[in-house]
Amino acid sequence: MATFKDYTYTHFLVTSPTPFVVHVQINRPQKLNAFSEPVWREFEAVFNRLSSDPDVRAVVLSGAGDRAFSAGLDVQDASTRIPGMGQGDPSRHATVMRRYILEFQRAVSSAEKCEKPVICVMHGISIGIAINLSCSADVRICARDTRFAVKEVDIGLAADIGALSRLPKLVGSTSWVKDVCLTARDFFADEALAVGFVSQVHETKDAAINAGLRLAGFIASKSPVAVQGTKELLNHARDHPVEENLRYTSVWNSAMLQSSDFKAALTSGLTKKKPTFEKL
Amino acid sequence: MATFKDYTYTHFLVTSPTPFVVHVQINRPQKLNAFSEPVWREFEAVFNRLSSDPDVRAVVLSGAGDRAFSAGLDVQDASTRIPGMGQGDPSRHATVMRRYILEFQRAVSSAEKCEKPVICVMHGISIGIAINLSCSADVRICARDTRFAVKEVDIGLAADIGALSRLPKLVGSTSWVKDVCLTARDFFADEALAVGFVSQVHETKDAAINAGLRLAGFIASKSPVAVQGTKELLNHARDHPVEENLRYTSVWNSAMLQSSDFKAALTSGLTKKKPTFEKL
Amino acid sequence: MATFKDYTYTHFLVTSPTPFVVHVQINRPQKLNAFSEPVWREFEAVFNRLSSDPDVRAVVLSGAGDRAFSAGLDVQDASTRIPGMGQGDPSRHATVMRRYILEFQRAVSSAEKCEKPVICVMHGISIGIAINLSCSADVRICARDTRFAVKEVDIGLAADIGALSRLPKLVGSTSWVKDVCLTARDFFADEALAVGFVSQVHETKDAAINAGLRLAGFIASKSPVAVQGTKELLNHARDHPVEENLRYTSVWNSAMLQSSDFKAALTSGLTKKKPTFEKL
Amino acid sequence: MATFKDYTYTHFLVTSPTPFVVHVQINRPQKLNAFSEPVWREFEAVFNRLSSDPDVRAVVLSGAGDRAFSAGLDVQDASTRIPGMGQGDPSRHATVMRRYILEFQRAVSSAEKCEKPVICVMHGISIGIAINLSCSADVRICARDTRFAVKEVDIGLAADIGALSRLPKLVGSTSWVKDVCLTARDFFADEALAVGFVSQVHETKDAAINAGLRLAGFIASKSPVAVQGTKELLNHARDHPVEENLRYTSVWNSAMLQSSDFKAALTSGLTKKKPTFEKL
Amino acid sequence: MATFKDYTYTHFLVTSPTPFVVHVQINRPQKLNAFSEPVWREFEAVFNRLSSDPDVRAVVLSGAGDRAFSAGLDVQDASTRIPGMGQGDPSRHATVMRRYILEFQRAVSSAEKCEKPVICVMHGISIGIAINLSCSADVRICARDTRFAVKEVDIGLAADIGALSRLPKLVGSTSWVKDVCLTARDFFADEALAVGFVSQVHETKDAAINAGLRLAGFIASKSPVAVQGTKELLNHARDHPVEENLRYTSVWNSAMLQSSDFKAALTSGLTKKKPTFEKL
Amino acid sequence: MATFKDYTYTHFLVTSPTPFVVHVQINRPQKLNAFSEPVWREFEAVFNRLSSDPDVRAVVLSGAGDRAFSAGLDVQDASTRIPGMGQGDPSRHATVMRRYILEFQRAVSSAEKCEKPVICVMHGISIGIAINLSCSADVRICARDTRFAVKEVDIGLAADIGALSRLPKLVGSTSWVKDVCLTARDFFADEALAVGFVSQVHETKDAAINAGLRLAGFIASKSPVAVQGTKELLNHARDHPVEENLRYTSVWNSAMLQSSDFKAALTSGLTKKKPTFEKL
């Protein structure tokens, strides 16, 4: 069975610094890691592979270079990709736009749909698509120098690849969410931590990356059956009433409680030895 | 086409301090801005007009006078409006009550349904209906002296015009929401900021109003297509699973991305000039 | 009509320190208040009775002894209860597991379904089932020494009796929720307060219990029609869109506004005397 | 309190042939009862008044003249009302269109939202808006000569005022629904009966009207508390899972079972006399 | 483990005419099988036991005696059970009523929640509760002489134990459903078959019972894993969007496809021998 | 831009008998058109391409050869594809199964997600997957000789690729749906027509195919904007409450009403000439 290592990537640097941990870096530092269409199409391919790769248990997503996690849409590329505005039948143009948006959304959602936890580590410029991508991750960590903005209203549109769908469910204060989405204003690490958008702030990019990798390594040491089930059930919980989630959970665990990991974890608890888990 | 300026109001002071910004003041300071039935019926009329008025891009809602944003229900008025309790057939009485509640709810919801962002600036006494109204706004700001309370249990009823429906989705801590709703206790500016109910606290009412007007002015300078779409999509997101919202968003933007604002905003980005947007 | 006092309990200490307030203590301090199957079955019986007992208006739930609110599942008991893993037909085994999980979930949910508010006061070890139980309560308070952990991944499974269903809706930061659920790491009182999981921290267990009882007493002094309606409508709001909750609320209050408590509360407001409310 | 008789109508003939029964006739026979904007705006006003008029317990809706229940949209009127196609910014045009559709939908939905049962009696040409209106009614009856068509695709659009929303939930066969909606083909009384779109076919328009009035009279002789509750709960059932509807029903009937009608109906069962019910 | 045979029943005759088939007869023929409170409480107990009894694979529900499947509520009993109408506080009375309705609903729903398919065979008088019960079954069969009526509006109330919740989802024509629910009129076997309420009509009660038992026996010869999964997934489908049901199904079958029945069924297909399945 | 003609297919015969109409034939007659994994993977590829191909406006799906539309799963293939049952960790096996089911479901759903209407014409053996596929189509037509069966329980499993999810929403009688799904019994053309599963029966396969192609041609002559919108809105309606669908519809048509087809269709109505529509 092919693993993520059997592929080569154009716009991403994909490495495995420790067993079962994969580090995905957006690798266009000269473009401030902006996203052209080929970039987001490859992003989807990367996360689809990681999702079912048994050598992967946790993923860290970050941006190469000192200046930016990502400066958002590659506007130069976008202007050549999106078919001619203002010409022809608006309803046909709308159909083309809708299909394009749906594909772009699906690419961004691939990090959320990835069965393994994804930790997003941000630094420097982190605007536009950067916010959308990070909302698809499970845990957000940032460096002190991060400059965030839900930038879309500044280019005349409502964000349509996930930020408006997910942000209200990721942080507690709707008043804050509406403020930053309606104004496109910058906000910084401390504010992001205070509202709960990120759960850790580190002094430098390196420190943030290391914290992300440590967290990923810690998660990778746990039972993959337990970890992947936890991600799936938490994502389901976000979108369903409590009763619905309880019912879904009971069916999910009716199979998953038959895992050998349960026995391994219990035994290791008694023997104080680190358990070993089969791949998943 | 008529604009909000073509109407006169009995209980509200409606002005436009800067272009595209409207300031709505509850104008019964001698009654601490309490709401009688005519007041909430006029409230609905005001916001319905602002919703589609092309001269409006952002709204600030506040209370006239020094003492109160609003002291809630005008109990004197209420006692004369609500048909005789404890008499006649309880099922018929229930029907009358239900219709009345539905109309009252619709009035309070008109700020949420208003297509333009609404910034609620509170000060002094802000209890009962005040909380319900402010939960219908998009952004909440308050003065240091604000005294909040979800007051309804103190008059023997569960709040039924929106506070219980919206508050759990506006702030992060359910433990806090239940505490303040079950006890009707007072809380103040710092606590409101810490839990995310408001996103700004200012030292005086004047400072808070100014901040609200500044924020409204800033929003009014952005593309109205982008701003109104952002409000709509965020409100939709609150009530729908992520997948549902993404689908709705793709249809919404299939028309909205054909906006001239997109071009204007991109151009202004290059030329560093302030863009001008058509009315909406 | 029988009240909660007409029953005797094996694993719980159930007292009424002040009128209309009931204090339920998990009473297995020698086992760190761990939950065997008989314990959670009795837990359900206790809360079902309190739910409709007219002598009860608010409940405090805590754990007996100094060391733990609860150390979670009684693993020794569990190993004898759950039918033989890894033997026989996995689909039939799954059916047995699913039925078991559903019953266990129902027991934990009984605190949420209890019509009277439940205040959970935690101290010391509060892991595994402790988290699940506390998420079913309305308000969470803790002592400074509390050690929390969503412990399930450490025993090889995804939590399935409520923590993953409810926690994302109880606190604002999803990044934090995923962190603690995916790692099973400990967290402490200050962190629990900062993210909004608890709404009060007290220096000692005794202080926390006293605060819980005071809060319960305060709630018990209010109209039971108003209080129980508020709990029901807030729980409904969590799981429904705003429009749905408004509609449900209008029907609920069509009966509840005919309460004598409304009149009693209004009168007491005028006379400045403490109102008396009929039992419910 | 004003009743429906206190108003005069331009486009409708509103009469009360028997006590508590109201007959609403679309009264533009010379235009084949086509709907211009003023017609649907008045339609909404009529049904909103009937909804809470205590002199009304059941409504029959039909079309005046021999040739048509309704020939649908008044295209001549429509071409003057809808703002200039193909000009200006498509996103702004979309906003105007969306607001217009929402108002039109609300008008058509007013028959469904009317608290009293509405029986739609069709004859002759019944196409376009005719289908949309009839889907908002509770019971559909037709004359042998009725010619139905979900006509919208023939004028280049997907039906947007209710037919596509409601038809799939009114008849059993989706294969049939898609056939008639995608082709805009005619269908006739027998087919409409066989698929369950109508529940009665009569040989002439007069016979159909009489059957409708008889049915309305029969319903009007029942307890209005029971009848209006039944309409509300069935409409709620269409749009909710069974568990949700049961919960809503339990709250609804907690007030409605306190009705004097219950006692009157039981007594009349014993005494074999026709019960009298209070107005509602 | 106890089976349904280890219990004795007061109001029901519970037999097993063929292996794995259970026949439950409402056994109050002298009362036309009317339901008093003790009857519906025992009904729930019966179906809860059958649900997890491994000796049961299919259930037939019918009424003893020649005259009636069930004449509905035992009105005499009801008048003594339901606490005094029209006295005391309507809100407190509403609370008592709501709790009572919820328990009654749960009893009626127990046939739906029973994990084994339930075939309801009706004859003679089948009104009120009879309709509600039969809507909880999976398949409905009737004798030629059956007289059906959704009778509740005739006693002054909207049906609240399931008929209005389930009937609109069991038959295709909403026009028909509203007709019979709003008028309480009788309908008979042919009409019930034509609208799809029942799927078989037989000439006599005996023939109908035999057909029901034959169908139950046929179902009982199939894989219980497949049969019980099919019931669960169809019930889930009724209340969920297609995408939701597909997701739930994929989790359900991830365990159930590991069944030995799959292998047994495939093998028996090749060998043309009747497969034997383990109990479930 | 590539069209469906630029591809070659292994298991399907894809032709265009008339402009804008595509005929897709399952082309394994020697295997009774059974589905191996490569077949359903290619099925998905075919429909994904048709979905956005501007040369396609309506699709007919049928099976090559005289004997079968499709005999369902290619059991021989399946036994080699699905990883070893009963070995290893049941939870890991469940994960593999779940991923496999999800991919299989997605393939079957591709006909439903295809933006162009799909007419399924069945004949001969039409069991198992055949039912699942046909439920994904918009309109179902069959030949007199068709033998249908929801066959899955006969091979020891609950259908998991769509039949149980969609069938209850495609036909009116739940009693019938449960009967055929729980028993796996055969049913034939007349029964399929009576319950509404198919909407046309023809005497021979050829007659059925011709009817399907005629219907497709008729649909292809209509405005593609109107037709594709109608399919989308009807599919949305199935899974959403009426209010939700109305809201979605208003946004959809805000763009689609700007279509040139609207003008073309209106003009052609006046001039009695056949309108020409741009590709979509």
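For reference, chains read A, B, C, D, E and F in written order, and residue numbers begin at 1 within each chain.
Note that in this section a residue touches a chain if its C-beta (ideal position, glycine included) is under 8 Å from a C-beta of that chain, and two chains touch if they have at least 3 such contacts.
In UniProt terms the chains read A, B, C, D, E, F = Delta(3,5)-Delta(2,4)-dienoyl-CoA isomerase, mitochondrial.
These figures come from a predicted structure and were not determined experimentally.
*Asks:* Report which of B-D and A-E is connected by more C-beta pairs in contact.
*Replies:* Most C-beta pairs in contact, of the two: B-D.
*Asks:* At the subunit D/subunit F interface, shared numbers over all numbers used: above half (same) or below half (different)?
*Replies:* Under half of the interface numbering overlaps between copies: different.
*Asks:* Can you check how far apart subunit A and subunit C are, centre to centre, with Cα atoms defining each centre and the answer in Å?
*Replies:* Each chain reduced to its C-alpha mean, subunit A and subunit C end up 33 Å apart.
*Asks:* Could you put a whole-Å number on the gap between the CA centroids of subunit B and subunit E?
*Replies:* Whole-Å distance between the two chain centres: 48.
*Asks:* Among the residues of subunit F, pick out those that touch two or more other chains and give their numbers.
*Replies:* 86, 90, 93-95, 169, 171-173, 195-196, 225, 238, 243, 251-252, 254-261
*Asks:* Per the contact definition, I'd like the list of subunit D residues that touch subunit C in the complex.
*Replies:* Going through subunit D, the ones touching subunit C are 248, 251-252, 254-255, 258.
*Asks:* Per the contact definition, I'd like the list of subunit D residues that touch subunit F in the complex.
*Replies:* 75, 79, 85-86, 90, 93-95, 97-98, 101-102, 105, 109, 112, 152-160, 162, 164-169, 171-179, 181-185, 195-196, 238-240
*Asks:* In their shared complex, at which residues does subunit C touch subunit B?
*Replies:* Residue list for subunit C touching subunit B: 117, 138-140, 169-173, 195-199, 215, 218-219, 222-223, 225-227, 229-234, 237-238, 241-243, 245-247, 249-266, 269, 275, 277.
*Asks:* Contact residues on subunit D for subunit B in the complex?
*Replies:* It comes out as residues 52, 89-92, 94-95, 99, 225, 228, 255-261, 278, 280.
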